[in-house]
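Letters are used for the chains, namely A, B and C, taken in the order the chains are written, and counting of residues starts over at 1 for each.
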Amino acid sequence: MAGRIDARLKELGIDLPSPMQPIANYVPYVIAGDLVFISGQLPTIAGKVAWEGKVGGEVSGEAASAACRQSFVNLLVHLKTACGGDLDRVVQVVRLGGFIAAVADYTQHAVPMNGASNLSVEVFGDAGRHARTTIGVASLPLNAAVEVEGVFRIA
Amino acid sequence: MAGRIDARLKELGIDLPSPMQPIANYVPYVIAGDLVFISGQLPTIAGKVAWEGKVGGEVSGEAASAACRQSFVNLLVHLKTACGGDLDRVVQVVRLGGFIAAVADYTQHAVPMNGASNLSVEVFGDAGRHARTTIGVASLPLNAAVEVEGVFRIA
Amino acid sequence: MAGRIDARLKELGIDLPSPMQPIANYVPYVIAGDLVFISGQLPTIAGKVAWEGKVGGEVSGEAASAACRQSFVNLLVHLKTACGGDLDRVVQVVRLGGFIAAVADYTQHAVPMNGASNLSVEVFGDAGRHARTTIGVASLPLNAAVEVEGVFRIA
């Protein structure tokens, strides 16, 4: 019995990779009641940051949007584990935090972050609509162009 | 029957505008249990960012304090909607996050953010005292000088 | 009857100072249900920021790690108050947010933040493993090199 959200991911051509563990004293997610707090995700593919540099500089807004989409995919990987493999248990995407490593005069932070927000709604429909905070930051781990964190409600 | 908090806002001379919806796949707030997570609010008036630039540069600490106060007004707009129009349902302002787009050598981030914190206590009294994190950021959407997000507890 | 966590802190040679109150309209922590939201903590010792400047510049990664460890000590001070003095009531360190005031080309943000994460696990064991978001910021209050905030679950 394939799940509804798994089927939706397949339609979208998204194949969730195996979860990677942080190489430090923290974990990908913590469940507190019905909330899942997921660690900030870099836009990695196969464990390597795939979008490096500053948005508005060497990284275009369009590229940064793809990077935020990938960060959201990485959130989904850990969310699926948090749900015991069943993403149909996701009741609501509660909050996404978007961190854009941008040049100092960048003003279009919504463009990259929409890459994460749009995928959230593509995957979860109305339950994917979330509160969101997007800010520009001076630097990110491993020279990543973006980072996205999330809080989710599960049943 | 005018609400207690509505009366307090009137005393303070604050007229909450109509809520504006984000032009993207996110929403102004999400309710999870008795917590309301509200999206990061720019210091907009009538839909336009009213304080642009860098704090400690072209924007003074005093101006940035007024900007944070306005961002808190914008939080209140969405909080009121989340409460079905009745702000008396607010039990506690739980956490405010303050993002100050400051020049690199700025050190007085508390000055702007107090504009939000002070209004919180003016409006809600002791229930307005909150946990707070204030940081300096490299840039904000639409060249805003500040951004404030919030988590609230409602009955 | 000394608490288990108090005994562990003693083993680690950590003597929690008396809590200091913010000099503003906010509070060190708010309890919402079984979650404790604690305000962002600077790496202060006896009320003075003990690590100033930019990480990757005048502040080394190693020094910044000690700073993050101190910020976590300051979180513990308020967490203990939130628990009515009994840190054995801590069920889980849910989420830490790490803010590193770094030079623009800094990439090793995990190094400083591990100072907080490692202490969390040293103190609480597996319950100290947390979700974590670490970002580089342009500036912090009082020229602090780092700031750490936290969400905790208590019984």
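The working rule: a contact is a pair of C-beta atoms (placed from the backbone, for glycine too) under 8 Å apart; a residue touches a chain by one contact, two chains touch by 3 or more.
Since this is a predicted model, take the numbers as computed values, not measurements.
> To test your reading of the model: what rotation angle superimposes chain A on chain B by C-alpha positions, in degrees to the nearest 5?
120
> For the homomeric pair chain A and chain C, should the interface be classed as same or different, according to whether the shared residue numbers exceed half of all numbers used?
Interface between chain A and chain C is built from largely different residues.
> Just give me the whole-number Å value for how far the CA centre of chain A lies from that of chain C.
The separation of the two C-alpha centroids amounts to 25 Å.
> Got the chain C residues that touch at least 2 other chains?
33, 137-138
> Show which residues of chain B lie in contact with chain C when the two form their complex.
33-35, 92-96, 100, 102-110, 114, 117-118, 120-121, 128-138, 151, 153
> Provide the residue numbers of chain B that touch chain A in the complex, in ascending order.
22, 24-30, 32-33, 37-40, 97, 99, 101, 137-143, 147, 149
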